[in-house]
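Sharing a structure, written as structure tokens. Questions coming.
A, B, C and D label the chains in the order they appear, each numbered from 1.
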Amino acid sequence: MAGNSFGQLFRLTTWGESHGPGVGCTVDGCPAGLELELADIQHELDRRRVGQSVVSSTRQEADQVQILSGLFEGRTTGSPLAMLVLNSDAHSAHYAATKDLYRPGHADYTWDIKYGFRDWRGGGRSSARETVGRVAGGAIAKKLLATFGVQIIGYTLALGDLRAQVFEEAEIERNIMRCPDSVVAAQMIERVAAARQAKDSLGGIVELRARGVPPGLGEPVFDKLQADLGKAMFSIPAIKGVEIGEGFGVALLHGSENNDSFVRHPDGQIGTVTNRHGGILGGISTGEEIVLRLAAKPTPSIAQPQQTVDHAGNPATIEVHGRHDPTVLPRLVPVAEAMLALVLADHLLRQRAARVTFPQP
Amino acid sequence: MAGNSFGQLFRLTTWGESHGPGVGCTVDGCPAGLELELADIQHELDRRRVGQSVVSSTRQEADQVQILSGLFEGRTTGSPLAMLVLNSDAHSAHYAATKDLYRPGHADYTWDIKYGFRDWRGGGRSSARETVGRVAGGAIAKKLLATFGVQIIGYTLALGDLRAQVFEEAEIERNIMRCPDSVVAAQMIERVAAARQAKDSLGGIVELRARGVPPGLGEPVFDKLQADLGKAMFSIPAIKGVEIGEGFGVALLHGSENNDSFVRHPDGQIGTVTNRHGGILGGISTGEEIVLRLAAKPTPSIAQPQQTVDHAGNPATIEVHGRHDPTVLPRLVPVAEAMLALVLADHLLRQRAARVTFPQP
Amino acid sequence: MAGNSFGQLFRLTTWGESHGPGVGCTVDGCPAGLELELADIQHELDRRRVGQSVVSSTRQEADQVQILSGLFEGRTTGSPLAMLVLNSDAHSAHYAATKDLYRPGHADYTWDIKYGFRDWRGGGRSSARETVGRVAGGAIAKKLLATFGVQIIGYTLALGDLRAQVFEEAEIERNIMRCPDSVVAAQMIERVAAARQAKDSLGGIVELRARGVPPGLGEPVFDKLQADLGKAMFSIPAIKGVEIGEGFGVALLHGSENNDSFVRHPDGQIGTVTNRHGGILGGISTGEEIVLRLAAKPTPSIAQPQQTVDHAGNPATIEVHGRHDPTVLPRLVPVAEAMLALVLADHLLRQRAARVTFPQP
Amino acid sequence: MAGNSFGQLFRLTTWGESHGPGVGCTVDGCPAGLELELADIQHELDRRRVGQSVVSSTRQEADQVQILSGLFEGRTTGSPLAMLVLNSDAHSAHYAATKDLYRPGHADYTWDIKYGFRDWRGGGRSSARETVGRVAGGAIAKKLLATFGVQIIGYTLALGDLRAQVFEEAEIERNIMRCPDSVVAAQMIERVAAARQAKDSLGGIVELRARGVPPGLGEPVFDKLQADLGKAMFSIPAIKGVEIGEGFGVALLHGSENNDSFVRHPDGQIGTVTNRHGGILGGISTGEEIVLRLAAKPTPSIAQPQQTVDHAGNPATIEVHGRHDPTVLPRLVPVAEAMLALVLADHLLRQRAARVTFPQP
């Protein structure tokens, strides 16, 4: 398969480059009859949009989405939903000057070696602008999940060594870092401003939670729920690490410390007393909250001089100008939520196909 | 797709349960003409086999593999290679007593809720015995990769808080922990013995390296090389975290610290001075060494009493007997290597399809 | 994808060569809880088996199937079902003498040019023996379909210019031609005997019917039900034409003659008065009987001398000995039924995933 | 998988409804570096366009295509090519009056039963307008194939009982029936005019040829070349039969008549003296011309009164107005060519991946 589609039954295909006519996507496999409005999608795109604050790029894009198919009288028809966002504020001139130099930490070299040449304007297809299509598709997945009672949230857990100490859910969308700890959020904003000043950038950690996920999702042995989540998260630009539940912390634990005891919850459902497993056991959701963390590298585009080579391998110095976020974290949150939603929507449909009630002996 | 296949062009399908007649796999898409011997596969299965040492389960399985198709006069034919390993040392009685109880940290509950019932004998399909098929398939992938100059190694990097301090490659297969630091290996072995004594188990970290990977492998945007690697690794039982290159360490770095400068290597190839990126940029291999780390949880099967519930949700105490490894690490190494090999073989073939030389303008 | 798997959610992978250790398959995606016995599969394999009569090859194979996984206490577990049939009566010597010559009408040349060499023993993977795996997998699909009330039948409609004039369903399995017209069946048997005498072979037409198929199966626009059926049927060795409902007859009709009027059937279901459409409209099943016809070429293996070339392109004369059916029709019937069952089982599961009942406005 | 994508490595996804904002597609997997102009695609869309002549619908659509991504400086980049055609001449009022009635021969009933409701405007997604995306995608496939020397042609072979008696290739695009026999073409045009007068429609047969196809394409056993072609052709609206080479004619032949003798051609290539096999043996291309025929049913939309039922199953009479072709044949030709091109492009890439030259023993 060509690599621009994701999911089996709920399937997203994205297309578009940073400085081409537009970016967009097609969602195929969304069940018919789902109520959907343009605003559902626009809301998520607005959350992802650049130019929102001091911590983000100053590129201004309205990012108005159009739905071109698959919707009739306010409901999905079962046919593919095509969505389009025109590009409007592309300044390719920033990129022309250095188009023969390989920006450190970027995909310039690897795309050249893979494809023989590349659309160098704004990073072309390797630009994070590609994630517009993910967020648009994820918005539909979220809408579908909501009808099954599944809710998804994401937030900035850490920026450098600053880490949220408290979790106030209502705080997340109130600060521009999307950090659930208002005090730490303020420190993060200062830290980002300092990095921008220093022509530098910062890495961090995003955390995701999915609540109300029915038990039984995930298809052993290769399409375990955590496997498809791992793929989804590692497909997002800048992600270098993914963990579930206790994550790398399990390396330090004994089995007697790490195992979560099973219990019957007050509502009669079986679950666990603790949730070190992060909502997935044996590749299948347990019904407990799904918890994931993603490590995002510092934005590779920095304005200070860096050593590199040109297309021919000759040494060169590059300063990457353009309008770049000193940290991707706040804008990463809606993208990561979208990928989580896409995986869960897909597995929800897969489980519907798999679970047949036969007469029992 | 049902979840027991992995890969697009080089495709593995596994089957089999812990205490059924056998386990096995089919590899479809291996190019015709590859020289292959039974010993190539048996060698890898022997590395995975249980009963090898004090750090592993005492289950004794010869694990003799048979190749049932796809090989003719010592070479692959391009047709599917079916492989079979009969099960010989299955003691289901260990499991019958507790078959109605949900073992903490295991897939018993989730398989029941997903499928309605389960083959409880030895964990059935959720047993790590399923990985026999992965290792057999991975052995063929390794053989294919070797003809392209790609070499894969894996080892135990850490057990609990014990971490290899030196990297002596030749040491890895000399100690039963597969640790590249002989001094730390000895400490690890003591630690495992103590855990077994205490009816407990230990987590740790495996590291993988792939050398000689040609630049250009990986299919943006969703089938980026790290995305398929992430899926591959998270599909392995017990894995709770995966990182590439600097991994979670990037959260603490500035862009100026994390970016790897490009350089022309002495052999004329473009590469990077440092390798914090771990061999992949923009989803595509750079030609530098690919470096991955996996966090494995402590074996959930422990002989001390644990709280749980039965099928009906009634509280119960369980002691998990049977023959279990106090740590999965040494046996995880060949499994993780196999998954790495499967991903690289698949992407090698995908890149062959993608890269056409057209006349240039 | 490598080409030895079929289906999306109910997925068959086959493997094996004519004169290798055995042939077999894996079925992945069969829902858990389906009651299944070895006899269900053996029954279909026995229908396909050679050496049954004067119209078939004299090769003797017991074709005893083993189920190696995915079954527990008489029910499917949701894990892959691996099945194995050992080869027992392979006479490779018949083939050694002519292994460098390209048999007309066979795959010898194309496999050589595709793969660089081939397993020439008994046709290797291109042998019709490969269909054992299809029939085994199709038997499980039939069992699944039966629980939903779907019934599948196939029969020989025509051999050369002999065509069944009446349709007596009970007659089909009573004569060795599997023809629903006992009078014509007798004529066919004579015709086959004469062809064998003349060292020649005969083509014909198989017809398939599926009853009780629920309306709504099929996934426009590319995975229309007839599209997946077309693929399934054309994947069977010897098939050169496939038609649905009126088939090629529609070329001669006016719209006013070809359109089937809709009507409410006595049971309250909407359907059509006539069934020229063959049970599928717009790519989706209507609930009317699905009717397909397949044109099978005469067996290319004939004992009379034929002109050909050898591997190097030198002219040669070949007489194909071995044990070959003068017509494939009777043994084609269970194979075609199996493929029909596989498509319907797959689409049944796909439709389960697709059809969600949302609150209506 | 949702059903709106086709192909494995060269992969088309289409979207759009007859009376929605537009129709379009995404092509993923086209190799980078292919020279491509808008005119390449527009040319094929113009061939498919309605309103061209007395034999077609009078709907007027400019069908101007836009390429939104994947193209840079006149060459494909290896990233997905998104294409869009806006709808401009949609008269939904024609359809509103009969939106509760099921048009005979149409997908109204089956889409309602599958999806619960439907976009009834102009047939919605089930309209032949959907084929715009196929033709746009197929144009790129044709361009790719041309660089490998593969040429595709299609034409009307028969309309009702009128059948081309001579094959003058240059004639095909000169008459509005796309018939290679100018005399018969004139008769066909009269026949269509008469059918339109009689408020009726006509079926027929399209023939396709692919020349210069390299031997070796096709992936046994399920993705045989004829299997993927069968699927492609049966996915086109109105197709009820598909045959390859001699097709249904093989049912009447003996093996000694049907087998094509192998020969070394003057250019040194091995091929066959005759081409009854139609360019494919054992599922793999032989290098001989690939020949296919498709039976297309008469357009179901006819203006004379027909019996049917409404949504509730009540009897009703319907007269289908709107602007419909009395025969789909001339416009079917470019659609069928597109599907043929898509299959061949996909298999060309698949074969590139499969064929590795290893050192020989």
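Brief remarks on what is shown
Keep in mind that, in the parts below, contacts are C-beta pairs under 8 Å (C-beta built on N, C-alpha and C of every residue); 3 or more make two chains touch, one makes a residue touch a chain.
Just so it is clear, the structure is predicted and the values come from calculations on it, not from any experiment.
Relative to subunit A, the chain whose mean Cα position lies farthest away is C.
Chain pair A-D has a twin interface among B-C, C-D or B-D; that twin, with over half of the contact pairs alike by residue number, is B-C.
Subunit B and subunit C have CA centres that are 38 Å apart. Separating the centre of subunit A from that of subunit C, both taken as means of CA atoms, is a distance of 45 Å. Between subunit A and subunit B the centroid-to-centroid distance comes to 26 Å (mean Cα coordinates, whole Å). Annotation for subunit A: residues touching 2 or more other chains are 1-5, 8-9, 14, 29, 32-33, 75, 78-79, 114, 116, 125, 220, 354-355, 357. Remark: subunit B residues 1-5, 8-11, 13-17, 20-24, 26, 28-29, 32-33, 66, 68-70, 72, 75, 77-82, 84, 114-119, 124-125 touch subunit C in the complex.
If you check the complex, the residues on subunit D that touch subunit C are 1-6, 8, 14, 102, 104-107, 109-111, 113-116, 125-126, 130, 158-161, 195, 200-205, 215-216, 218-224, 226-235, 237, 239-264, 268, 270, 272-273, 277-278, 280-287, 295-302, 304, 306-309, 313-315, 351, 354-355.
Residue ranges of subunit D in contact with subunit B, taken from their complex: 1, 8-9, 29, 31-35, 74-75, 78-79, 147, 220, 349-350, 352-358, 360-361.
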